[in-house]
Amino acid sequence: MRVLAERTDAQLVGAGDVLIHCVAALDNAGVGAITFLANPKYRSQLATTRASAVIVSPRDADATALPKLVTANPYATYARVASLFHPLQPVAPGVHANVALAPTARVADSASLAAYVVIGERTIIGERVCIHGGCVVGDDCTIGEDVTLYPRVVVYPKTSIGPRTIVHAGAVLGADGFGIAEQAGRWIKVPHVGGLVIGADVEIGANTTIDRGALGDTVLEDDVKLDNQIQIGHNCRIGAHTAIAGCTGIAGSTRIGRNCKIGGAAMIAGHLNIPDGTVISGTTGVLDSIREAGMYTSAFPILPHREWKYVASLVRRLRTLNDRVRALERDKPEQGE
Amino acid sequence: MRVLAERTDAQLVGAGDVLIHCVAALDNAGVGAITFLANPKYRSQLATTRASAVIVSPRDADATALPKLVTANPYATYARVASLFHPLQPVAPGVHANVALAPTARVADSASLAAYVVIGERTIIGERVCIHGGCVVGDDCTIGEDVTLYPRVVVYPKTSIGPRTIVHAGAVLGADGFGIAEQAGRWIKVPHVGGLVIGADVEIGANTTIDRGALGDTVLEDDVKLDNQIQIGHNCRIGAHTAIAGCTGIAGSTRIGRNCKIGGAAMIAGHLNIPDGTVISGTTGVLDSIREAGMYTSAFPILPHREWKYVASLVRRLRTLNDRVRALERDKPEQGE
Amino acid sequence: MRVLAERTDAQLVGAGDVLIHCVAALDNAGVGAITFLANPKYRSQLATTRASAVIVSPRDADATALPKLVTANPYATYARVASLFHPLQPVAPGVHANVALAPTARVADSASLAAYVVIGERTIIGERVCIHGGCVVGDDCTIGEDVTLYPRVVVYPKTSIGPRTIVHAGAVLGADGFGIAEQAGRWIKVPHVGGLVIGADVEIGANTTIDRGALGDTVLEDDVKLDNQIQIGHNCRIGAHTAIAGCTGIAGSTRIGRNCKIGGAAMIAGHLNIPDGTVISGTTGVLDSIREAGMYTSAFPILPHREWKYVASLVRRLRTLNDRVRALERDKPEQGE
């Protein structure tokens, strides 16, 4: 415990010589495990956990007699403790015998390329990069040091990925955006000649897609965190430290500020500006630019289906209700108040 | 027909010696085909179908003079009949010459591994498993007997898949969840050390993603059916026999009961409980736990765009409308009623 | 400029001998670049662009003194100009040494198959087809001439793809649809024995999924354009020249007309009809068939979160508001008007 407290700058309360050998959740921790309370929903489990120690906020410190790390940010402290027990595995360097490596590609000696990986012409793979099975990296890409590409990631040509970035399986980086011009009832494809620039310390979820720019680049700044199944359109710019939850879609040319938090299944239209520090709730549709940071939501309230049918029909006829109120106001008898 | 009736426990009405050699849809069936009516939308096609026989419910039995199987559940009976005409193809056992098989992996003799498959250390592949081209299965996985992985499925390490489960192309099973802790405006990654446990008879759609647990496992119980492009967050538990339609997202740590039906593009927030037997309509956002089983919906009614603009502006100003009604109520002259 | 005007049938205004060697966006064009103004949001950049020429509509022609191509449809003209500067790269024909080609597959001499591609039995690959690394094409498929499959596309058996169609990375074409029949609380899988027929000049985005038919085919007609992460259910028919933006889901057996435009993250239920020329806004849920072409929208207006909470609670209680207005109307004193 003493070591954990030192490494995380948390305050140690209780026996400092308890031996901790793993992390675990409140409800299934056992002897030797340290657990944490971050979400107040689970506070009642604090009394019954069989963990040997716990990470809590000052507010919850009195609620348990266990040895504890007290910290203003228990989830972040837990993340650090868990990383101590589960350090990143060092990559075994080397190129698998069955890799399609273009003659002009440059791969660092400390990088690891697994089976059935394809690397294009002039692409540069940095130190300690780990590329899992079945990834395809196109021509003229730059993969920064300590990057991890999980299996079956596709990186289109001319994409650049910054150091320490992690890309989960099935993600597609740098495909053509949805650029089509209508003429006489048919579609003409707009060539996508821009690139995709991904910063350092970014994490990209499984099966997420990020399009290249039509002209100019699509940009993800440093420390952007994307969950699974997200779609980012061509020429978007996502500011540093912005986190976006799963199933969210962002249409082309939209600029999202720094330190934004965007909930799951949000949908943001194209050519918009979202300022730094904005919070968008899950399932919210953003159809216009936002001028002022804050938390924004659009979601029809959930109801039992029959009740919803009735309410939805009233919403449809809100104009009528409004007209009826106006008529009542007009017809209101004069009063002396 | 007689054989079909016996195999499906349906009631045979009409000539039992009609020869049936295929299944077909109402509107393009021909001689020798058996068709079915399950969706009342298509009832009018019953009169004009050129099928040789039909599967109907007792309610629709009089609407056709064709030989028929009468059953309370025509769609299920059709599914059984279609399976008789289209049995699962037996797998040709064997490992393709070009498979990257870790030395400690154990593959059953009756299993089939196609080209460019990668199998990790200590992973166990059961009897008659069929792994299509380009799949990547990580270390320490267990793939139960008769499982099918369609092309390019990725299975992260320490994932377990139960017997007879089918996983469609591009699905990603067991990626890290979206666990990040904020500290001083930056994100710290939370290690994902839990696993993913998938039951028996599960089906998982194309490009669906299911994250592993952060601590403890993400669990799909037996006979869960997932459509395409679904996202299931870390530490979710989906109860047995629950079916979820495409594009739905379920955030982390949510528990969905047994025998639930969740419509397409529904979005369910994290840390919620949904009881057994709940029905969630398509496009519905669930932001709070549901206490009682039933059918729930949230969806703004669709309108012609101009009308929508007007209605949406009224919704925005509902507070004003409410205040106006309150003012009218306050100012209402006393009445003798 | 003169050449560009001739090739695009646009009207040349200003010096025709300006040398143009690239295309660029208004805000980062330099000497030698031609740019364009199509979205009025960017009109102010016309005054400050450092491009050597510009493509504009007659309405904007006076707003710049630069040499220009004046055309009723600047975006389409730009698309043509950009294609002149960025012609499609001719494919280097040949089959990579490491391709799993079934003995009965027929591959045109001019086709290009990259590393780790799998081609099934009896499948036909047309002239100048380009199949990138890691694609898996099943048995009995037909891939028309000049088709491009980007890396890791999966094509299930019995799928047909028309000439010049482009499929982006990670797309899954022809997986089983979500057909399950409930019986006694369990699910029976409905065999999917139909096919998938994709027309000519179609474009399909990254990680998009299109299911095969259960009975009969799923059909995409010519010149259909699909963005990324779209889900098309079994037995849908999408009419020619229809364009669908990212993250949209279309449930099974729905028929979408020709020349429709469907916004991002729209969700369309199953068994519906959408007429030719319909426009569906982004994030709109379509739960019933549409009878008349037009633009349709359903979206709860976005609000600051606190305001949304209040408005959402009023929506929930719209029935009460309606009742209160009715009571006021009933109690209204008789008037002489």
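For clarity, chains are labelled A, B and C in written order, and residue numbers in each chain start from 1.
Here is the rule we go by: a contact is a pair of C-beta atoms (placed from the backbone, for glycine too) under 8 Å apart; a residue touches a chain by one contact, two chains touch by 3 or more.
Just so it is clear, the model here is predicted, and its values are computed rather than measured.
**Q** Between chain A and chain C, two copies of one chain sequence, what rotation angle (nearest 5 degrees) aligns their Cα atoms?
**A** Angle of the fitting rotation, chain A to chain C: 120 degrees.
**Q** At the chain B/chain C interface, shared numbers over all numbers used: above half (same) or below half (different)?
**A** Mostly different residues form this interface, as fewer than half of the numbers used are common to both chains.
**Q** Taking each chain's centre as its mean C-alpha position, how far apart are chain B and chain C in Å?
**A** Centres of chain B and chain C (C-alpha means) sit 24 Å apart.
**Q** Listing for chain C: what residues touch at least two other chains?
**A** Residue numbers touching two or more other chains: 98, 116, 134, 152, 170, 207, 229, 247, 265, 299-301, 303, 315, 321, 325, 328, 333.
**Q** For a test of understanding, state which residues of chain B touch chain A in their complex under the given definition.
**A** My answer: residues 98, 100, 116, 118, 134, 136, 138, 152, 154, 156, 170, 172, 175-176, 178-183, 185-191, 193, 207, 209, 211, 215-216, 229, 231, 233, 247, 249, 251, 265, 267, 269, 271, 279, 281, 284-288, 294-301, 303, 307, 310-311, 314-315, 321, 324-325, 328, 331, 333.
**Q** Quick check: in the complex, which residue numbers of chain C touch chain A?
**A** 23-25, 28, 39, 41, 73, 75-76, 78-80, 82-83, 85-86, 96, 98, 114-116, 132-134, 150-152, 166, 168-170, 201, 203, 205-207, 223, 225, 227-229, 241, 243, 245-247, 259, 264-265, 282-283, 299-305, 308-309, 312-313, 315-316, 318-319, 321-322, 325, 328-329, 332-333, 335, 337
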